[in-house]
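Here come two complexes built around chain A, the first alongside chain B, the second alongside chain C.
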Partner chain A sequence: MVKSEVARAWGFKGSAIVVYLSFLVFTLIVLLPVYWMVRSSLAPAADLIKVPLVYFPRPTLRNFQTLVEQVPFLQYVRNSLAYAVATTLTTLVVSYLAAYAFARIPFPHSGLLMWTLVLSMALPDVGTIVPLYRVLKNLHLLDTIAGITLVLSSTLTPFTVWVLVSFIKQVPYEIEEAAIIDGASLPRVLWHILLPVTMPGLVTMGLINFINAWNNLLYPLSFTTSPSSKTLSVAITEIFAGYSPWGKPWELIMTVGVTMTIPVVILVLFSQRAIVRGLIAGAIK
Partner chain B sequence: MSERKLSRREFLGWAGIAAASGVLAACAPVTAPAPAPAAAATPTPAPATPQPRKARIAVGGWAEKGTKELLARTGFTEQTGIEVEVVLRTDTKETELTRLASAVQAGTSPYDVIDFEDELTTSFSQAGYVLGLDDLLPPDFWDDFPPEMIAYSKTWSTYNGQTFRVIHNWEMPYWWYRKDWFDEKGVEVPKTWDEVKPLGQVFTDESKGVWASEDGLIKGAFLNVYLAWITLQAGGNPFDVGPEYRMALEYIYDLMYISKVLNPASLQKDYNQQNADYIADKVAFMRQWPFFGDVARSEENKAWFSEDKVAVALPPVGPGGKSGSTYAAAWGFGIVKTSPNLEEAKELLKFLVSKEVAIEAMKTSFWFLSARKSVLAAAPQDNWLVKQMKMYMDAGVIGVRPFHPRFVEALTILEDTAAAYLTKQIGLDESLKQAKDRLAQLS
Partner chain C sequence: MNVQWKFALLKPAQRRYLLFLALVAPAFLLRFATAAYPILQTIYLGFTNLDLIKNTNAFIGLRNYLAMANDYGVRGALSFTVTLVVSSTVLDLVLGMLVALLLNTTFRGTGFARTINLIPWAIPTIVAGYAFRWLLEDQFGLIPYWINLISGARVAVFISPILARVVVVLVHVWKDAGFMAFVFLAGLQGIPPELYDAARVDGANAWQRFWRITLPLVMPLAITMGLFRLVWSLGSFDLVYGLTQGGPGVATSVLALQIFREGIMFFKFGFASAISVVLLILVAIIGVVGLWLFRKAEVTY
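On to the complex of A and B.
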């Protein structure tokens, strides 16, 4: 009897160890490319390809310095931030209002309109480039942050609307009704009643949209040319090895990679709680 | 007094109107403003302000500084009144194709003149993205070019008989070798393919990771360079998948696995790794582009460098004869057909490719060095790169880079099938059959 309890306890411990070890291995596998990126950004170029591999090179910020000297790096960082923040805000505002309309206001063919919106997500981005180019050209928005913001916001809006509709629908309508009876106007209902309870959803979608915009290459690559509007993702395609096109400057590419990762990591860390709440809210009725 | 509230239906209506207005405004074509009716109050129209003339040129990051310096030094703006903005193009043909394709199809272009490579020239000229340049060039223009450059240009810069790019940078893979090692071992530089094979026994020491030769042969256009180089030495074009290509593959296989000359790990290496291995004293000789000379002479490798470690000889002659021992690749200027500043672009291009400016360009940066007669004659004769280029030109060893009309797709096919054979996954016959079948589907 005692023997079997000990065995059971050991069995439990054994399975727990296996589970934790698996997690550890999985985590290492996931983190290895991140480690390699950070390591490569802090290492001299020669250490990247040395055999045997140099796992812990003497760190240097020389690569960051080279980047600043080689491309208008700080300008690109500013552009990326402006693009990502503006796209996120535009998408959230437009989508939130549209989602409210879909969730709360019955109007003819709303279902069809919603499905049309959702179906537009299936359009491959690259297939819309030429007409978008014409639109931006006619609006004189080529080679501007405003232009690429407009384009990406329109691409991200359908998915954001789709998600936010389900968030808004989960909020009992009676709360809004009570506010309306108390004399609240529609903007007041949206701002003071609905916004706080749907905040986790908005934060989650905001973060997803920010990451999408921050990493987006296609639109900045296609619609921008001058340093005043190019983003970091385009910078990766422009950095060069030396005085000729031969060879790849992996240490500099990794340095841009690290720079692009930092804001996303900070954002995720700070909004972790809201994201989890947002994800759980979507899962539980 | 009761405040009127916005109903949901009104909200929806207004939002719909606002959205529709935005979309319609975005789609409306920009039209010139209608002329104002003649009014008695404005009898004298204001004089029209001349629009500033401008042009944009897109160059690779490595050429930005040199191009700006060249334009400033030669006074292009002072002479023509055209302001030139130098912008960076991307580092890869794929991204640049993405950028330009959408712009051209929308009837415009982000830049007017572009500095571009062989692969993009093929794609752009066949797609009709770039302007034919023959009318812009003076009748005696090509007299300043040696036959090798003319032959190259006819193959790589023209389409349907029209020139789409004027090359300014023309460089070839050189045969680099450790003269100090050759002297120490008392062996001669190999003159033929057959003389290369015994060098495996002389230099290769696998226990120390030292190989007689190495290359950057990873798939993604690296392997293709070597396949083209060796097949040209065999006397053919790899894209024909003929007997010369078979001979080339057999030779490479022999170098890797029988003679033990060429490190098979080359198939996983790029040029950075190849250069690093050479500088780490692991390689006795190799084929490499001239940028290796800059790498070897860089501050970082100062302690290692000496002239006898980076000596250059003529490549070993293959069955195809001396004239195809190596080939050159090039970069050059072209004009985007849908350029918004077409006239200015034409003036800029004519200026850049003129004999006088081409010489000044070479003096500004060796990125503009080529074997163009006036340029090579004006180049500093004691410079290592100029010496190498002259040596190869004088020896008559530069053939035309093997061409395929759908180069990028074709090179992928060759690389896939050749790599499968060279890594012993399939036999030679199967590799050749697959290459031939897949290339046939392209045309």
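On to the complex of A and C.
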């Protein structure tokens, strides 16, 4: 039974064929590239260049094995994880402190300060890449995880502050006030009183920042040069640049692609509600 | 006199200010070091011929900007950047709305559709770029293969400038429309059903209900999202980098890709910075127009 504004808007009286058909087309468009990617990552290389196309090759993990043997694949996975986790934590700590100040402490022109921070979000990352290269070089942070973590944390901070401010504002001040009167210090208030109640906001922003960092290409591609700091996103571009005897090594490219996709898709599927709650609380309200 | 003691001597207001400053300092320092200072540097470098390979570094006034006007790559990138962000954002909003209306229906399968809706958004952009490149590859790509089966025609997407451009726009939409739909869906679910009931009692038909209730109520959300989408996609280069690398020729190049190439690959820092300034100006223009639109939309309701 189709019951909705859409169904009515399109003039259905019980008939659902068009709605079902739309769903079918929608599902196909969303899932076809995913299926093709997974299929190509599990296929032996020879199966990718057969006509007629092989839709269901005999699955093999041979491609993962090749990656582990021929490139420092596990190192790239570790680097990507380190980059994503370090960026998430740095951004959260810095943003949480600033968000608390903006939400709770009266300061002349604090609104203006916050808007300066938020508006800096509009700056395109790529627009500052040349000076950043020089900054990182001078700090001896080129080609290090710390360097790319630093620049991406900065990029993600404004949005995180913005969302966290509205999360903190939703918490009644009386809770903190009572603790302060009882003689609790600021670190205690932040850690023991406010942190537990704003946890949903922190988790949401943590997830969003983790996904952003894991997916990020620009900074690692620009600022890393050796396997000790390259991430999976850089690795995939390098494998794409390479050639095998039969052309591009698509089975390996898609294998790295699947490796990069699985963690994020799992995170997103399990936390859709949390993500939308966070975004609505912060950005769109 | 120890620090704590000094702190105790300050007036409450001063203590509050110090506390405020201490708390926001890390965020602002981080932002200053990697955003504010680099922006100023970019603007300055745009007037120099700093080049790590030719080893030049002199103030050359507006010469980078004049060179840009004649630069085939930059001109192509500028026009495609604008085409890409505008057309993909408009398509994103329209399709996002349609998908949201679809996902807002209640019947068997909605749960599944809602679950998979966000998958394209979650896939790393560079991976999506390569996935579609492979899907569209002329010899063993699935889609040209199907087209060939059906019509006998052979299509080579990445050789035709027009096809390549269309594909870049569509893949952009594939990647982001789901997120748009996700946000719109939340917006739709926030509309009180009584409004529709009241309108129905007043005799409004479905079309009128959509135009008079749904659309106006979702409009501020649409403008905000559209604005974000415009500004963010202006600076993105992952998708083009994976999908076409800007080709054929410079048909699908974007400013961000040009900046990356000239700056990070060829170390022409001065020239790359000048392109960055053009990008920043573009962002500023779109931002101002967008804010103006947003205020107009707010006044209406």
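Heads up, the rule we're going with is that the second predicted complex is superposed on the first by the 227 of 285 C-alpha atoms of A that agree within 3 Å, B and C clash if a C-alpha of one lies under 4 Å from a C-alpha of the other, contacts with A are read in each partner's own complex, and residues count from 1 in each chain.
Going forward, contacts are C-beta pairs under 8 Å (C-beta built on N, C-alpha and C of every residue); 3 or more make two chains touch, one makes a residue touch a chain.
Since we're looking at a predicted model, the values are computed, not measured.
Novice: If you tally the residues of chain A touched by each partner, is the higher count for chain B or for chain C?
Specialist: Counted on chain A, the partner with more touching residues turns out to be C.
Novice: Looking at A:N209, would you say it contacts chain B, chain C, both, or neither? Reply first, second, both or neither.
Specialist: A:N209 contacts neither chain B nor chain C.
Novice: Would you check which partner chain A:L269 touches, where first means chain B only, second means chain C only, and both and neither mean what they say?
Specialist: The second partner, chain C, only.
Novice: Tell me which partner A:T261 touches in the superposition: chain B (first), chain C (second), both or neither.
Specialist: Second partner only.
Novice: Report for A:T198: first if it touches chain B alone, second if chain C alone, otherwise both or neither.
Specialist: Neither partner.
Novice: Quick one: classify A:N138 as touching chain B (first), chain C (second), both or neither.
Specialist: first
Novice: So, A:P124: does it touch chain B (first), chain C (second), both, or neither?
Specialist: In the superposition, A:P124 contacts chain C only.
Novice: Just checking: does A:V51 make contact with chain B only, chain C only, both, or neither of them? Give me first, second, both or neither.
Specialist: both
Novice: Thinking of the overlay built on chain A, is A:N63 touched by chain B (first), by chain C (second), by both, or by neither?
Specialist: After superposing on A, A:N63 lies clear of both chain B and chain C.
Novice: Pick one for A:F26: touches chain B only (first), chain C only (second), both, or neither.
Specialist: Only chain C is touched by A:F26; chain B is not.
Novice: Which parts of chain A are in contact with chain B and also with chain C?
Specialist: Shared contact residues on chain A (touching chain B in one complex, chain C in the other): 48-49, 51, 97-98, 101, 105, 107, 126, 129-131, 133-135, 186, 218, 221-222, 237, 240, 248, 250.
Novice: What residues on chain B touch chain A, complex-wise?
Specialist: It is residues 3, 5-9, 11-12, 15, 25-30, 56, 58, 60-62, 85, 87-92, 95, 98-99, 102-103, 105-108, 110-111, 117, 171, 209, 270-273, 275-277, 280, 289-291, 294-295, 300, 331, 365-367 of chain B that touch chain A.
Novice: Show me the residue ranges of chain A that touch chain B in the complex, using the header's touch definition.
Specialist: Against chain B, chain A makes touches at 44-46, 48-51, 70-71, 97-98, 101, 104-105, 107, 126, 129-131, 133-135, 137-140, 142-143, 185-187, 218, 221-222, 224-227, 234, 237-248, 250.
Novice: Quick check on the complex: what are the chain C residues that touch chain A?
Specialist: 16-17, 19-20, 23-24, 26-28, 30-31, 33-39, 41-42, 45, 99, 101-102, 104-107, 109, 112-128, 130-132, 134-135, 137, 139-140, 142, 145, 174, 178, 182-183, 186-188, 196, 206-207, 209-210, 214, 221, 224-225, 228, 231, 234-238, 241-242, 256, 259-260, 263-264, 269, 272-273, 276-277, 279-280, 283, 287
Novice: What residues of chain A sit close enough to touch chain C in their complex?
Specialist: 1-11, 16, 19-20, 22-23, 26-27, 29-34, 36-37, 40, 48-49, 51, 53, 93-95, 97-98, 100-102, 105-107, 110, 113, 117, 120, 122-135, 150-151, 153-155, 157-158, 161, 186, 211, 214-215, 217-218, 221-222, 233, 236-237, 240, 248, 250, 253-254, 256-257, 260-261, 264-265, 267-269, 272, 276, 279-280, 283-284
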